[in-house]
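Labels run A, B and C following the written order; every chain starts at residue 1.
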Amino acid sequence: MTSTDLEIAQPYTGEKARLSRAYDYLILVLALFLFIGAFHLHVALTVGDWDFWVDWKDRQWWPLVTPLMMITFPAAVQAVLWTHFRLPLGATLCIACLLIGTWIARFFAYHLWNYFPINEVLPATMLPSALVLDAILMLSDSVTVTSIFGGMAFALLFYPSNWPIFAMFHVPVEYGGAQLTVADLFGFEYIRAGTPEYLRLIERGTLRTYGQVATPLSAFCSGLLCTLMYPAWWFIGKAFATTRFVQKI
Amino acid sequence: MLKTIKKFLGLLGLGACCLMLAPSGAAAHGEKALEPFIRMRTIQWYDVQWSREKLNVNDELVITGKFHVAEDWPRGVPKPDATYLNVSSPGPVFIRTERYLNGQSSVSSAALKLGGDYDFKIVLKARLPGRYHLHPFFNLHDAGAVMGPGHWFEVAGDPATFTNQVKTLNGDMIDMESYGLANGVAWHAFWIALGSAWLLWWVRRPLFLPRYKMLQLGQENALITPLDRKIAVLMLAGVPLFVFGAQAMTDRQYPNAIPLQAGMDQIEPLPAAVNGLVKLKVQRAEFNVPARSLTIVAQIHNASDQPLQIGEFATANVRFLNPGVGPSREGDKDTLIAPQGMSLDSADPIQPGETRTVRITATDSLWQRERLDGLIRDADSRLGGLLFLYDANGQRHIASVSTAIIPTFN
Amino acid sequence: MSVTSQEIQPVAAAHVSFGPPWYLREVYKYLATFAGLTIIYVGFRLYQGVFGVSTGLDSSEPAFATHWMRLLYIELAVLAVVFPALWGYLWFTRDQNMDAMSPKEEITRYFTLTMWISVYTFAVYWAGSYFAEQDNSWHQVSVRDTPFTANHIIEFYFNFPLYVLLGGSAWIYARTRLPLYAKGISVPLTLAVVGPFMILVSVGFNEWGHTFWFREEFFAAPIHWGFVIGVWFALGVGGILLQQVERLTELLNKIEDAA
């Protein structure tokens, strides 16, 4: 970026510029903890189990549910930051905050306090999807275009983004006379009282019409739902960002 | 605000100091909170044994035992169509390396049959040093954890020496403790770096007040520069290309990757170990609340060819023994045993072919300590358990007990 | 003691002072509050580390009563004092002459409100992120046998009330010290405070569900969605931001530029 870019985007000088910058920092700190706290709670309680455990990351429900629930806050935050500030970073900000919260919890809670190996509780990443979502909104400046192409890309990129992290946990092992993945073996060996095997919502249901190639179908289904979820959450974000004052509540 | 926070901190510090008393080890895992009728009438554990009490890191511990699935399964508890034989421990301080139900290896969940008899074997491997209380237990879908008897174990040694090597079907030996960690961290670090770069690219500029004002002035086009657009186009093209490229390479690296395995184990019950040659029908059961005493009047039929004596009544892991009948319990440290807890109206053995009405009394403070006296406040006030009878050769017969319960309060 | 805008005059631009600029009048208190809260939350986590496994696995044990139930009672006692004290202080020291407020004073108060909300979101972080996810982790180690587990005692009965306290304080601060918020009730600020407050209320639904409905630790289960809906209201912060930037840009036009 050249110095001209800064000058163009800065109507304030002197003390007012310093004041506005101080305000920026206050808001950034506020937003950082807000989105770690709020978005992480939303994700943990809607797709948490798939994200917590390596033996929940299946090819059917994980790629369906995760993008669907993770496109929510990014859309709502973009509705404010893009519309009113032309800042194309809402999605990346939310997902980055989520990952900060997730990694802290996995390390200090699951690993240090409760002895689970970190590799059993590796989180998934949606950062590639978020970067593309921000870029599409910025280049198109259109909720419709971002809903269709951004929403679809957000979901379609999820599984391939995470496959390089988790493929190696799908290597087969023979155990107790049966074929398991390494991920399944983590669930069996590392004892957890509250999440027995039968609780896993994996590889069930009727998304098998493409034979054994379930993942692309799940991803496209998620893409369709994300194209609907994105505008819904854009308007939720817009609605919450009302500037109204009322006399009575 | 600062003053308030200071006061708050001071109070909290004081409270924390008061609490810093030497902790004693917790001896249980919350089993007493489960309603008595669930503990008594679902999984009825017996003969649970442990191979050793003191171990070093990497040593094996074998837990064996048996259980009967009650016929009189409570109406409020979903049927055991999905269950998981688990171990209650303070997290993975042990790892579970093998598990068998009725001699059959089992790594997944299984359905149990009402009235079925099962035995189990769980092999654990010590991972972290410490003193731990372990129970075998069943996760019953939507019903909760039904605990088996617990026991203390001491693990010594260096946690750094723990190993968990597994051979994959590709022939590679992998260390489960670290497998995939460096790769996962590296990928996360890469994407976090890229995401952070995008965020920093924007937040280094004047943000909220100036940009809002520019927008209000209709100068929004100045907020996105041509360079910004070029970077966004690059990102839009580059990120998907990179992602799909990495996916293709990963596919080549792991051509034999398989989906997570979601099947259930099929375990058939053993030949009946309970309700074989001894039939029992309860006529009346009363629980005397202040005396902590259960009295059962039951008609017992002995279809074996030997005279039988009643030796034990067991319910929810509490065992009321008839002294002098059955195997010696000398030296048994099980805290859930009432060694003198059972009395009968007649000590005479039940003869082969005889049907006799017997008054059995099981009395001990364990009813209260284990919170089983709450059974009179259950919505399903019925009792379940196992009655153990022995012949002169030590041969054991087991009959299941199932009855409504009437409280007495005087 | 009440405070009026006339009593709090804007500080002159301090070219030689090493202190914070006038609009960051409360920055040290802000940073100290962050530090204090960090000590409390980290202290709780360390306490869990020391006493969780040794005394927190069974609610029927005497050691549980000593180390955990007593902690719960101390928390509740502290909160019972701090809630009325802080909210009462903010109310009784309200500005009763806001018409006389200078633009610089109003700007400063907007900064202070932002600090209040920032402290609120810091508490939301610990309640919504760390200790919330830790709940799943802890309930793999202990079998849930009480509503007051070693993590619930901190998460539900301290962290949740504490962010309600801080969010409510931000609301009262705005209502008692900023003209726009005094003349009307801010919808987004109210949403951002009341919605997450409903998360505390949802604890009842959660406990009911875990008792009669879900016995396992299925985090994405419907019994947890009361918490989820509550946290969506945190998006009201976007509206607070817009209310602030709109007013601040107006106020900046009213003050002279300084070098």
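Everything that follows uses one rule, which is that contacts are C-beta pairs under 8 Å (C-beta built on N, C-alpha and C of every residue); 3 or more make two chains touch, one makes a residue touch a chain.
Remember, it's a predicted structure, so these values are computed and weren't measured experimentally.
Asker: Give me the chains shared as neighbours by chain A and chain C.
Answerer: Chains that touch both chain A and chain C, as defined above, are B.
Asker: Which chain's C-alpha centroid is most distant from that of chain B?
Answerer: Farthest from chain B by mean C-alpha position: C.
Asker: More C-beta contacts across B-C or across A-B?
Answerer: Answer by contact count: A-B.
Asker: What whole-Å value do you get for the distance between chain A and chain C if each is reduced to the mean of its CA atoms?
Answerer: Averaging C-alpha atoms per chain gives centres 24 Å apart.
Asker: Where the centres are mean C-alpha positions, what is the separation of chain B from chain C, in Å?
Answerer: Centre separation, chain B to chain C: 36 Å.
Asker: Once you find the CA centre of chain A and the CA centre of chain B, what distance in Å lies between them?
Answerer: Chain centres of chain A and chain B, defined by C-alpha means, are spaced 32 Å apart.
Asker: Spell out, as numbers or ranges, the residues of chain B touching 2 or more other chains.
Answerer: 29, 88, 90-91, 137, 139, 141, 145, 208-209, 212-213
Asker: Got the chain C residues that touch at least 2 other chains?
Answerer: Answer for chain C, listing residues that touch two or more other chains: 140-144, 216, 241, 245-246, 248, 252.
Asker: Counting only residues that touch at least two other chains, what does the list for chain A look like?
Answerer: 12, 19-20, 23, 27, 84, 114, 116, 192-193, 196, 199
Asker: Give the list of chain B residues in touch with chain C in this complex.
Answerer: Touch residues, chain B against chain C: 1-2, 4-9, 11-12, 15-16, 18-19, 21, 23-34, 88, 90-91, 133, 137, 139-145, 147, 208-209, 212-213, 216, 371.
Asker: Report the residues of chain B in contact with chain A in the complex, numbered from low to high.
Answerer: Against chain A, chain B makes touches at 29, 82-84, 86-99, 105-109, 127-128, 137, 139, 141, 145, 164, 166-170, 172, 174, 176-181, 183-184, 187-188, 191-192, 194-196, 198-199, 201-203, 205-215, 217, 220, 222-225, 227-229, 232-233, 235-236, 239-240, 242-244, 246-247, 249-251, 253-254, 256-262, 264.
Asker: Enumerate the contact residues on chain A facing chain C in the complex.
Answerer: Touching chain C: residues 12-16, 18-20, 22-23, 26-27, 29-31, 33-34, 36-38, 40-42, 44-50, 52, 65, 73, 76-77, 79-80, 84, 101-102, 104-106, 108-110, 112-114, 116, 192-196, 199, 236-237, 240-249 of chain A.
Asker: Using the touch rule from the top, collect the residues of chain C that touch chain A in their complex.
Answerer: It is residues 13, 21, 23-24, 45, 48-49, 52, 107, 111, 114-115, 117-118, 121-122, 124-130, 132-134, 136-144, 180-181, 183-188, 190-191, 196, 216-220, 224-225, 227-228, 231-239, 241-243, 245-246, 248, 252, 255, 257-259 of chain C that touch chain A.
Asker: Please output the residues of chain C touching chain B within their complex, sorted ascending.
Answerer: On the chain C side, the touching residues are 29, 32-33, 36-37, 39-40, 43, 47, 50-51, 53-64, 66-67, 70-71, 74, 78, 81-82, 85-86, 89, 140-146, 169, 213-216, 241, 245-246, 248-249, 252.
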